[in-house]
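For reference, chains read A, B, C and D in written order, and residue numbers begin at 1 within each chain.
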Amino acid sequence: MYFGSDNQTGASFKVMEMLAQANSEYTHGYGDDHWTYQAIDNLKTLFECDLDVFFVATGTAANSLALSCLAQPWEAILCHSSAHIIVDESTAPEFFTGGSRMLPLAAGEGKMTPTHLQNYFKNAGSDYPHNVSARALSVTQISESGLVYSTKEIGELSRIAKQQGLSIHMDGARFANAIASLGCTPAEMTWKAGVDVLCLGATKCGALSLEAVVFFNKHLSKDFTQRRKRSGHLLSKGRLFGAQMVGWLKDSHWLDLATHANQQAKKLSDALMAIDQIELAWPVQANELFVTMPKDLATHLQSAGAEFYEWSENTLPETIKLANGQTYVRLVTSFSTQDSQCELFIENITDYFENQAR
Amino acid sequence: MYFGSDNQTGASFKVMEMLAQANSEYTHGYGDDHWTYQAIDNLKTLFECDLDVFFVATGTAANSLALSCLAQPWEAILCHSSAHIIVDESTAPEFFTGGSRMLPLAAGEGKMTPTHLQNYFKNAGSDYPHNVSARALSVTQISESGLVYSTKEIGELSRIAKQQGLSIHMDGARFANAIASLGCTPAEMTWKAGVDVLCLGATKCGALSLEAVVFFNKHLSKDFTQRRKRSGHLLSKGRLFGAQMVGWLKDSHWLDLATHANQQAKKLSDALMAIDQIELAWPVQANELFVTMPKDLATHLQSAGAEFYEWSENTLPETIKLANGQTYVRLVTSFSTQDSQCELFIENITDYFENQAR
Amino acid sequence: MYFGSDNQTGASFKVMEMLAQANSEYTHGYGDDHWTYQAIDNLKTLFECDLDVFFVATGTAANSLALSCLAQPWEAILCHSSAHIIVDESTAPEFFTGGSRMLPLAAGEGKMTPTHLQNYFKNAGSDYPHNVSARALSVTQISESGLVYSTKEIGELSRIAKQQGLSIHMDGARFANAIASLGCTPAEMTWKAGVDVLCLGATKCGALSLEAVVFFNKHLSKDFTQRRKRSGHLLSKGRLFGAQMVGWLKDSHWLDLATHANQQAKKLSDALMAIDQIELAWPVQANELFVTMPKDLATHLQSAGAEFYEWSENTLPETIKLANGQTYVRLVTSFSTQDSQCELFIENITDYFENQAR
Amino acid sequence: MYFGSDNQTGASFKVMEMLAQANSEYTHGYGDDHWTYQAIDNLKTLFECDLDVFFVATGTAANSLALSCLAQPWEAILCHSSAHIIVDESTAPEFFTGGSRMLPLAAGEGKMTPTHLQNYFKNAGSDYPHNVSARALSVTQISESGLVYSTKEIGELSRIAKQQGLSIHMDGARFANAIASLGCTPAEMTWKAGVDVLCLGATKCGALSLEAVVFFNKHLSKDFTQRRKRSGHLLSKGRLFGAQMVGWLKDSHWLDLATHANQQAKKLSDALMAIDQIELAWPVQANELFVTMPKDLATHLQSAGAEFYEWSENTLPETIKLANGQTYVRLVTSFSTQDSQCELFIENITDYFENQAR
């Protein structure tokens, strides 16, 4: 019952297979190899446009390197107050940008809305160089609460931000799950909606360690190779990334993996919604469930071997307050989540309530 | 009618006199001179304790250098959401600390309270190294809304913060005005209330360019000389600072200057409170007035030569909303504000309303 | 004929096998998994001591993160003027340290000697905070010219540097080759000789992407987890590193791989030394050959499919000057270099000279 | 007998007078005042061109801020190996640039020559992003050994550097002395010879604390106001700088001051050259003397109250080696050096040798 995170499983079989194949060759180092070139070509095809793309090992590196191309050290970056980049990546954005300011918006809500942006711009001081000027907007797809921004929503946020001179970053750690959820094309979710740079995460959805920083706005990428090198993120054996990406993209493997993860989340949420004392805090739109439940139940499940994290109450919708004895947890499904795991999880819950009832 | 800021006037006569005297000598460079040593001794006497003190030219340098001694690049600094360090000093704190995170609290309130701190600590994640850990608290005395923290209030904030392992920084750009307002000793307002490092501003209260970074907690100052030098803040002709400070402290000159500024603010506020369409947003406790007034009046005053700034509505108390046609302005008095300036200002207002009434 | 670099081949079969095995499991993320713990234990056994160890993906990350634990931003790091950290890692050391100064020594010599260090300390200014103080010494094993520092040499450099308060870093990108060459224990080459932190490279000798930062002096590692996270070098699927390391260390696999590489270098150098117009610039002590040869020959070899790099004349011994028409090249053997590659290379050379002679 | 440095005296009377005059006014803050504007205009007149200029308090701040506009964090800055920016300003250049590499040239020589630059470019690696690329050249006028670069020499260095894409920075801490020495115009010594940005020091030649960063290439200054603010170098009472500069420039006061300093150096050197056991290491071309003398004499002079510094043997010309019992000292004259000081100094030397002879 591994619902802790979609990073608690390995790579998919097909990804590993491609890696094994790439391993046996001689190639040049530092990404000058045919696996890397193939991966880049495949991404251009996937996104239906020319683009610059760079591979790194972690989401934190991808996000921070991307942001460092968007904002100067004396500028600011707007993001949701629960965004991974501001909550879970230490001060990596400050490190890579040379000290840009991180500005949180939309506390307590599932997604950032045009109103959040408009209020920010209305109130922000413009007495430069004293005040700090926002220069980048980061949107997390799927959102911090497991919600999926529609392409229209992304387009509106982009439009407002761009009117103010900002560039648009998308943290796509679960981009594949968002595509699987909406059924739109990768192009529609990104550059067609105004996204300048996407951090496309494969690690959480079938790769072992693979994040692609995809620049649709190629003007912004000009220093990337320098930034990647000096932060130690240029791998000598670049095939490690190239081969994973080739395997991940081949025959829409990535989409199959994401679709499976989303389906398992749907099954789990259907079953949970049928249970009285369990409530979904947010609608389940991809592969994450945010759930309130009795604390004792959570403890019971963990004793039974279930993996999941208690989540910060901060991120509950404003309409929900935790009752005494309740807790708030996050459940994540992945490409490798099997029906049997979900069934066992539900069984354990049923058992618990039956025992309670006695 | 100069109410724009207490930095729009020069130095007091006595400060300039001391500077002129120091100018004529030969001394060693870089603060190895008797003016600097005298200034340091005088500060020890003033604060009734041993301390480490360093002089720099600006409040931004003082604050950021001080903060860089308190927090590591992967740690955070708590401050009021309207604090000068987060609103008006660009990303200087990030620059000097090497990328610490700035965390704003207490939006829309005149002072930070224990509740703000407690809520922060209750909700802050502690999953290190992913989450960011707060390591310093910055308190602005007088506050961002012109209010004075009592020594008891400072003590309580310090106590809560220190229980969590934070060090305490006081931005004392208007420290002298706070002392003049409360009548307590400098020691009571700082180390006796838990303050580890004070940025004591003289520039706004009688000096030309002089800020003292005063470490009561001498463990925290060990890298200061290195940090000051490599940020270009070590003056070769150190007497510039030393002499100003000697002149500023001599015979309680600093307190006389601050007392005068506060008194002028009191006179002005008394007169303004008598006028129907003008409202004080916050009580006047030192040398700053925050006032709502008709926009047309503000324009009229500025045409008549009055200097002041419109202020951000963000910083109004939650109970006050600007009506249509109104504006929110800040008025600052200084050691050099003369009765005639205040009287002329009030006269202009009276004239305006009389003309209106016709 | 791949002699370009030991990073132009993949991972050894045994390392890949272990990775495949680790891939199929569920584990916690971020290095909280049994593969990582096993790898750490195995390194303690290998080095015969307690230690702190952290895994990262690249040598640049390993070196820079390690150095950032040794020197403050206002201090300096001494290294050989041809060291990888100063020549081939962009300004990564400055980035990670927050701006420490890199100071090159020993230009034109194969190794750093006690005299280089002594001269540096004799001449270095000590007027702080104006002058910069050296706080770390970095030694590259095997050296920039393919030479191996004896344990005695390392001990002497350490001793002199430590007397001046420096910490000792070893860049062990080819540490395994050095051990295979000297036949000493890993402990003798490191902490017993005064090394505080070793960057142990596995990537060049059998892994796909694996560098271990090994702290023998555990006082120095206290911020490492914070530094690794905020630089984006903490992998979510930590097993990628853990499993490679377990496979690499098992049954002295690492030493077998290094021994093979060294043996192939020896064979190649024996054959080359028999050829008149080819000269070894430095003795071959591990798996790198530095060779002067006719430019036309180099071109001929490259046309025939041989991979190698022309090398900077700067790094020639002072006694050797390139004649007109000559070039200076580096040849590197690896764990996967086969006899047939070496033989083909020599054959091509022989053919060239035979054709020349006609 | 103050020959320690030209920063051991105060400001000239005329500069102080102008400061006193400016002190009594009300003005806007942060350089938005007529003194600052007047100073800027006067500099445009002096340099016979349009330019951007910014005032700061220290030479370290001026140099580092200027350099941060020329080189990216992954690029390098070339300078003389004894340059103030690399020897005496801690790691300020790294701090302000965000970690650019400092590269020293021309060790042991009095000036940098075209050959030094050409050799550097010939040998520098260009395998980017691995290698570091030089992007700025810093020239110190007057040089580290008290020599004056001719306008032709500056032009040649600029030309070679610009061919390689570098920008040219001039550290003009003693620029006035250089002008007084050569008799050329400020324009000829700077933009007409290819200089992009000049750090014009007034502090050492009559001001109290005043350095002007003068951009002839206005494209390079676009971020300067942001950089100055976030490093804490934007003064609130900007008149402090503006007034000093107005006073310093008025009626060629600056040139009179520099001319006096140079003349005193000439007198002193003429007298010293007549003494057998004292040797000038470098010709005296401005206001600095570098002299070898018996250690006992140096001690005797210091006991008699003479101020000067022993200097690093590193910076001796290669042709001069210190004999046993000798030392190497620097003597600096200033605008305030009086004949009587020089005479007393020579007298003390004569006395010493007479006593020796007995």
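Observations, loosely collected:
Note that contacts are C-beta pairs under 8 Å (C-beta built on N, C-alpha and C of every residue); 3 or more make two chains touch, one makes a residue touch a chain.
Given the structure is predicted, the values throughout are model-derived calculations rather than measurements.
Greatest Cα centroid separation from chain B: this falls to C. Comparing the chain pairs A-B and B-C, the larger number of C-beta pairs in contact belongs to A-B. Between chain A and chain B the centroid-to-centroid distance comes to 42 Å (mean Cα coordinates, whole Å). Rounded to a whole number, the gap between the C-alpha centres of chain B and chain D is 36 angstrom. Our note on geometry: chain B versus chain C, Cα centroid distance of 53 Å, whole angstroms. Contact with two or more other chains is made by residues 73-74, 89-91, 95, 98-99, 129-130, 226, 229-230, 234 of chain A. Listing the residues of chain A that touch chain B in their complex gives 73-76, 87-91, 94-95, 98-102, 123, 125, 127, 129-132, 312-314. Across the interface of their complex, chain A is touched by residues 72-74, 98-99, 128-130, 223, 225-230, 234 of chain D.
For chain A in complex with chain C, the residues that touch the partner chain are 2, 4-5, 7-11, 16, 20, 22-29, 56-62, 64-65, 89-92, 95-96, 203-204, 208-209, 226, 229-237, 239-240, 307.
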